[in-house]
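Notes follow once the structure below has been shown.
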Amino acid sequence: MIYSYYPGCTLKTKAKELDRYARRSAEALGITLNELPEWQCCGGAYTTAQDEIATKLASVRALAAAEQEGGELVTLCSACHNVLKRVNHDLLTDGEFAGKVNRYMNPEQPYGGKTKVVHYLELLRDTVGFDELAKKVVKPFTGKKIAAYYGCLLLRPGKVLAMDDPENPVIMEDFIRAIGGDPVIYPYRNECCGGYVTLEDQALAVKKSSAVMESAEGFGAELLITACPLCLYNLNKTDGFGTEVHYFTELLAEALGVKD
Amino acid sequence: MQVNNTEFKPKIVAFCCNWCSYAGADLAGTNRLQYPADVKIIRVPCSCRVNPIFILRAFQRGADGVILCGCHPGDCHYTTGNYYARRRMTLLFSMLDYLGIEKERTRVEWVSAAEGAKFAATMNEFVQTVTKLGRNRKLEDLRCRK
Amino acid sequence: MQEIMKKRASELLLDGTVSRVIGWKAGDFVYDITPAVFESAEEIEKDFVYTAFCGANLSKYLVKESKKPGKTLVFLKPCDSYSFAQLVKEHRVNRDSVYAVAVECRGKADVDKIRDCGVKGICGISEENGTLTVDTVYGDKTLPLSEVMLEKCASCKTRKHAVYDELLGEEGEEVADCDRFGKVRELESMTPEERYEFWRGELSRCIRCNACRNVCPACTCEKCVFDNDNSGIAQKAAADSFEENMFHIIRAFHVAGRCTDCGECTRVCPQKIPLHLLNRKFIKDINELYGDYQAGADPDTRPPLTDFRTTDAEPSIVYRRGEK
Amino acid sequence: MDRETNRVREQVLRMSGVNVLKCMRCGKCSGTCPSYEEMDYHPHEFVYMVEKGEIDKLMASESVYKCLTCFACVERCPRGVEPAKLIEAVRLEMVRKQGQNRLKPDRIPALLDEELPQQAIVTAMRKYTK
Amino acid sequence: MQRIGVFVCHCGTNIAGTVDVKAVAEALKSEPGVVFSTEYQYMCSEAGQNIIKNAIREHQLTGVVICSCSPRMHEATFRKTASAAGLNPYMVEIANIREQVSWIHKDMKAGTEKAIILGRAAIAKVSLNAPLIPGESPVVKRALVIGGGIAGIQTALDIADAGFEVDIVEKEPTIGGKMTQLDKTFPTLDCAACILTPKMVDCAQNEKIRIYSYSEVSEVKGFVGNFTVTIKKKARYVDELKCTGCGECTEKCPQKKVPNAFNLGLDNRRAIYIPFAQAVPKVATIDADYCNMLKNGKCGVCAKVCGAGAIDYKQKDSFIEERYGAIVVATGFNPIKLDAYEEYGYKQSKDVITSLELERLMNAAGPNGGTLLRPSDKTHPHTIVFVQCVGSRCDDGKGKSYCSKICCMYTAKHAMLIREKYPDTEVYVFYIDVRTPGKNFDEFYRRAVEEYGVHYIKGMVGKVAPQPDGKLLVQGSDLLADEQLRVEADLVVLAAAIEPDKTARSLGTMLTASMDTNDFFTEAHPKLRPVESPTAGIFLSGVCQGPKDIPETVSQAGAAASKVIGLLAKDKLTCNPCVAHSDEMLCNGCSACEKVCPYGAITYSDKEFRGPNRTTLIRRVASVNDAVCQGCGACTVACPSGAMDLKGFSNSQIMAEVDAICK
């Protein structure tokens, strides 16, 4: 199984572990992730304005490149996943937008949204299968109470990302079960951590992230996992909570025995 | 939407099933949903009453588009009429296309009595399509245009 | 073959099994063959012929002849037998009053094609193993049958009969490599404008002689709508560009699902309009959309236009199909 | 509504693709918003005020920079109104004006710390500048 | 020569506002055959009708064209008018210049032109009309009611009261429907069981009523006055005639872990069960999904304990065919599934419940014997939040676009009952609008606020977050206070939208009764014929037609019954004379028409005809049974020779319309 892979800017700098463990685990699971040769930063945020073209072109380039290489593009960072999937959805459903983009970029092969964007978790669920994954676990997190933190970018808007029920998701909980852990279900797992506003108004982000931490700990979490570097950052900026926050790929690598 | 000849007003004949689409058209009226006056409705008891001859006759006499509206498949007031109509019209339209007639001039649409909005939207769209095609020159009987 | 048929027909007339025989007889010229009813062995002996020019389908004459007292013998080539079966299916002919004799056929000749080969002054014809020997006032000429066959025989779908009471000669096989939709496909692949020009070119030659209708074994209406003043669409003559369109579309539609593709319409058209291409379009569409169907093949299956599936394609398929 | 107000209103509606008339004033967007307390104008007010053409007030308020674009309001709106798109359109209408970039590049170094992911910076640049 | 009169209606300003009615009347005056043309303000009024009558007499009209509203509205009216003046009623045609012209076109010029063209088409058609005389068909004097809830029960009782036989088909083991699950009813707070169960017993005891419980309609054939219906009696594995309803089996059955559907799964029942004490018929039913005997042949306890010998493990579904003159649809509703609204945490917390579940929790026959306890820990809830419009009034692709109509009132009822019984409990109601149009309804709601101190909050809940301590943190808008409110609740009650029962769609297809996009049955006219389906002989009762509360349902049920009685009281029905007929001289006898006829109205026979030269020909020709033909016209197109034609919509009439429109 060979997939194109889009790591994104943060995974090359502050979130190298997210990337490293994902690659190692994929290898252990028999999946080849081919990093796109010339990817550009997705911009971190999808602009909803209907007149925006330029901010979406980086994504289009990645999507078009992936189409040439097999048509399935794996992402890992929640933000990249959100931006790529939504831009792709626009291309597929909005002919006017697709026309503008193709006229602007003038590529050899017009791109119309045919690439399938797959989050790493979806890869685990739909291609590997959580049952299969469980069989390959050598170091299970038996008895460990792990809380999944989805945040907002992974799930919403539900109709476009089509990953899981945006209000009552199960994909990360199923993942936790597959690696032998005990999923902790708590209501703030899909509430926002404060996101990029942390740059200007860290107090707001801390407030939002604290609510998440408090809820997770209240339900007995011993460990939090996330797929997003910014979520991890914001959750770590909170005060007075003892629970560690890790990338889910780190736990995956550990469970598969390929962490070091 | 670019229309070359803004003067051109197409003649559109709509055959509507009394039980669904005709009622749908009434509902469009009751709700004051606008569609062009170019559409003229002929009431038939069922879409299966529409003989291909009527459609050709309309074109012969100068219609620019003919649309047949019936109950959704499965919901025919007479149980099965629209299924027969569906086969007949599919074959007829295919034949017209085969003869080089613009296939966009003919249409079948299933519109229930509750779908006033769909009726109006369908007619708006159909009129627009036919207007773009311009006058039906291929099928009209020249004696009928004075 | 001709002699075997004559012998058998005479026998059956004489022993009273049948009261009349529908067969072929020659007109003023050997290639000018017409269907004929024979009521005695003498008539058979005198006029009955079965040659490479006997392309005419005799089944339609049963509609009238079989209503007469006694049994009527009819000679059926394979393609004719489907027309006969379809007429029985539609209750136009009473099966019990017909004695159907199947005769083998390897294809019939088109006299115009023979002429096109430069053969003139034809006064006789015989066929052996796919080779025609044409007896002319200038001596014998031989021609391969395959080169001068009628259009309907060139695209023959089967040499096997659908139904008969008695078989003379050998039963043939289905023609596996028959590509009777080739020309239809070719037309379909044209642009609408090209198609329109093609059909204008063909149909505008129509002189409304009604030969196609009169010969068609599916066109057996007691009174044709185009002849019925009360129908509102009665027409006698083509007066303008639309009338022949209307006539031929409606005629094709009326026989859709019933046409056995016997090809008689094209054979008899004095203007050489390829009318079978209209019928074949319907047959092809029916086969593709509603499953393979051969009119006359069996007595029970519902004809496609009086049948449906809830899952049938929507008429909009016509718009999508053309898109590349 | 004067012409300029109307132009801005039309621009915001076009940019966002939102039909404000679909709103039934249930307030679920504001009931759901994680930044509610930081805002002077709340999501439902954005919808209503854009409808009324009071966009100047919205553009001038801090609220446009407090939206986390978490899309909870979009996901939960029973009428499919999508308030977050409207807020983004109002913000863009503001920052696209000459000299109205919210975040000047020279301000950024002071806002950084060791761990801050790039993602936050690029997102903020995209949200706060034209 | 035809003498046609044209009558153009102003419909007040409805038509005259966008159509120059005088110009229309003037233009149509010169059409061939027209001898009289006029316009008037309201043609359907008595004065208007008199104008028509006088003109028919004075000008010896042979045909009448009325340019007015849709024929679906007033065709019958004007036919009667013509008839009263001595003209065959089928010599009337209507040009629909209201729904198809004045209401949808704003331009007076275009509207007037179109009205004239439609008028011409009607004139062209009426010129070819022939007088028609309707035939008659007999009426089977028995009615079928599909659905045995309060709507079906009331309809059946009323029909039976008038002396007609009526059958109820109910898919559940007992009649009673949703109302049996309710605790109290608004706005008078009487107990649902106390007012419903006597009616159920009346049904059982009324000799004119037959109840087919645990049964479904599987096929419907025929038409008004003469339907043939196949009823499937599902195997209940208990002989209804032998079972005494003693309940011994339901106590001894060892399979105790079956979710109790009657209590919406809030507690368990046995595999053999009687849904509730007052069930009608009071007969046990075995749940085949759970019965060990039926699943693997091991058990048989119920058969052993049954003194009546009523248990029959070998029972199979059986089919009964019955004939009816009229059919009433009373299939009712269900609350929608809340899967798409997990922000309220219905699946994530046991203490987030639906309003119907609350009914069971509060009911004395419910899982807690009438004491309101939280499902999770059986403690008494001190703060309860009600959320309105969950899935109603939605345009989000997940819920229903309509207002479910009953939620505002039952929530006020719940709030009031809780405050009365448990004064220490705080009750919050998050609402978008409070809708109380109904007798004593608003007063009822005001009492909840003013006397019972229920906190009504204008705003919607955004999220329900279960807390580690078992509380539910409800976060929502208080729009009037302009604040985001957080309430720590013990119980959250969701007013789930209601939708037509899932069986309605397939039933609608069977009955060929039209439905709207929400699967509610469509009424023949939204105002004037609200209890009839457009399909003759099919009547509508209760929520299957649209959301409604009990008082409304009961009045509609009675109205449907009166329509049925009116139908059954007739010995014969006037048939639609617009039926097919075959011209024997043209018929080929090919059977194409017979194959497409959905009613089997066409038969063939051999007939003698005169042939040429004084011979006799025998030809097979089709003939149409006027009483059976419904006039769809499928046969007319199947017929290649044009022998088959449809009266009232003949080939030449339709082509005349086509010609007039395309001219």
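List of remarks:
By written order: A, B, C, D and E. Residues from 1 in each chain.
Just so it is clear, contacts are C-beta pairs under 8 Å (C-beta built on N, C-alpha and C of every residue); 3 or more make two chains touch, one makes a residue touch a chain.
These figures come from a predicted structure and were not determined experimentally.
Each step here moves to a touching chain, and the least such steps from chain A to chain C number 2.
Any chain touching chain C that also touches chain D appears here: E.
Hopping across touching chains, the smallest step count from chain A to chain D is 1. With every chain reduced to the mean of its CA atoms, the largest distance from chain A is reached by C. With centres computed as the average of Cα coordinates, no chain lies farther from chain E than C. More inter-chain C-beta contacts link the pair B-C than the other of D-E and B-C. Averaged Cα coordinates give chain C a centre that lies 54 Å from the centre of chain E. Distance between chain centres (mean CA atoms), chain B to chain D: 46 Å.
Separation between the centroids of chain A and chain B, computed from CA atoms only, is 50 Å.
Chain B and chain E have CA centres that are 30 Å apart. Each of the following residues of chain B touches two or more other chains: 52-53, 57, 74, 80, 84, 88.
Annotation for chain E: residues touching 2 or more other chains are 343, 397, 463, 596, 638, 651, 655. Counting only residues that touch two or more partner chains, chain D has 72, 75.
According to the touch criterion at the top of this document, the contacting chain pairs are A-D, A-E, B-C, B-E, C-E, D-E. Chain E meets chain C in the complex at residues 585-592, 595-596, 604, 617-620, 638, 640-643, 651-652, 655-656. The touching residues of chain D, when paired with chain E in their complex, are 22, 24-33, 36-37, 42, 44, 72, 75-80. For chain A in complex with chain E, the touching residues are 159, 165, 167-168, 185, 187-188, 191, 215, 218-220. By the touch criterion given at the top, residues 52-53, 56-57, 59-60, 73-74, 80, 83-84, 86-104, 106-108, 138-143 of chain B touch chain C in their complex.
Those residues of chain D that touch chain A in the shared complex are 14-17, 34-35, 38, 65-66, 68-72, 74-75, 84-85, 88-89, 92, 103, 108, 111, 115-124, 126-128.
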